[in-house]
Amino acid sequence: MAEVELIPGGTLQTQTPEEGRQLAIKLARMIIKATQPDADERARQRVTYATDPTMLIAVGQTVAIEFATIAAANDYWK
Amino acid sequence: MAEVELIPGGTLQTQTPEEGRQLAIKLARMIIKATQPDADERARQRVTYATDPTMLIAVGQTVAIEFATIAAANDYWK
Amino acid sequence: MAEVELIPGGTLQTQTPEEGRQLAIKLARMIIKATQPDADERARQRVTYATDPTMLIAVGQTVAIEFATIAAANDYWK
Amino acid sequence: MAEVELIPGGTLQTQTPEEGRQLAIKLARMIIKATQPDADERARQRVTYATDPTMLIAVGQTVAIEFATIAAANDYWK
Amino acid sequence: MAEVELIPGGTLQTQTPEEGRQLAIKLARMIIKATQPDADERARQRVTYATDPTMLIAVGQTVAIEFATIAAANDYWK
Amino acid sequence: MAEVELIPGGTLQTQTPEEGRQLAIKLARMIIKATQPDADERARQRVTYATDPTMLIAVGQTVAIEFATIAAANDYWK
């Protein structure tokens, strides 16, 4: 695995739910980046999954799981 | 990823479980939108997954995961 | 998405675990209904996934996730 | 869906973790039964997924999710 | 399903996180064993999924879900 | 399964969220290692899943599930 910053900003706390959602997307992408460090290869793959509904749905599931953790970490921004 | 509002309304709190469920569907769709910003491409894909039971079930799983977070954020509307 | 009642009865609270389980099945089905509003198409798909073990298992996973939320909402009917 | 008893015994509480695990298996099977009420068809499918590692793993995931709920309902038998 | 001991030792409590992880692997395997009691068939399948990255990843997901429950049962060994 | 150290360091507690994320990746990899102890075979598979978007997404889901447990174990580093 490549050395990448896995949590941009280094914290799970965010000001708003919207920012929490953005962080969830970043967490999901950083794992992809750590597993496949080649930027060209990732760009090639992004075209593949952006046009494949099954993969898009799977990306959505991953973000949903990451967001569950972030939301708990922020006490659901209550 | 395109700049889209990932949480319409900006909050996980809803008045009712029914609205929480609607929000779960929106959260799931906004991730698809952020990953695939082309509306025509999304429309094309929607036809694909609406007629494919495997994908429909996967959409359902994603919504279920999103809803778990929203329900916790609303203390299950008790 | 079609306008359907996503949570029949409008609440996650149920009298018994058995009813909670029935609600979990309904929640899962209502998402399918909202994504694919055509009843004939859904009937056609039901035949497909009732005879495909992979899909049946995936339906089971979705119900399990929905039920986890409902059980928490009912404090596990303790 | 057929009318079947979805939670044998009607409760999530069990005496032991082992019984909790058995209940998790039953919950998963009852959803399959409710979705595919034909016993012969289910028997045919069981042969299929018992010899297919991918399906066996998916069955295992479903049981794991059901068990998480049952374990929480029993305060982890502490 | 065959009669097998689904939770070796009969408890979710372990002395260490490492033992908790080992238990998670065992829980996942016991479900496979209960679903497919034929040892030769399981041995044959193990070869299949040990050489198939998709299945290996799915095994990993199952263990992760089992471990989440075990970790909660042990209050995360804090 | 081979005898490998499933949790490097033997604890779920980490100093930072970033380290928690690194631990989540390690936990996921150690399960793969325990299931497929042959290093050459794992290296061969790594090439396969690093170039296959579906597998990369599945790896990401597994890490997300492992991380949820680690984050809870660290009280979300609040």
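Letters A, B, C, D, E and F name the chains as they come in the text, with residue numbers starting at 1 for each one.
To be clear about the criterion, a contact is a pair of C-beta atoms (placed from the backbone, for glycine too) under 8 Å apart; a residue touches a chain by one contact, two chains touch by 3 or more.
Please read all numbers here as calculations on a predicted model, not as lab measurements.
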item	value
Any chain in contact with chain C as well as chain D	none
Touch-network distance, chain B to chain E, counted in steps	3
Type of chain D:chain E copy interface by residue overlap (half), same or different	different
Distance from chain E to chain A - Cα centre to Cα centre, in angstrom	27
Approximate Å spacing (C-alpha centroids) for the pair chain A, chain B	16
Residue list for chain D, restricted to those that touch at least two other chains	49, 54, 58-59, 61, 65, 68, 72
Touch-based graph of the chains, sorted into line, ring, star, complete or other	ring
Complete ring sequence of chains beginning with chain C, oriented so that chain D follows	C, D, E, F, A, B
Contact footprint of chain E on chain D as seen in their complex	16-18, 21-22, 25, 49-51, 53-54, 56-61, 63-65, 67-68, 71-72, 76-78
Of all residues in chain E, those that touch chain D in their complex	1, 5-7, 10-13, 27-28, 30-32, 34-36, 41, 45, 48-49, 52, 54-55, 58-59, 61-62, 65-66, 68-69, 72-73
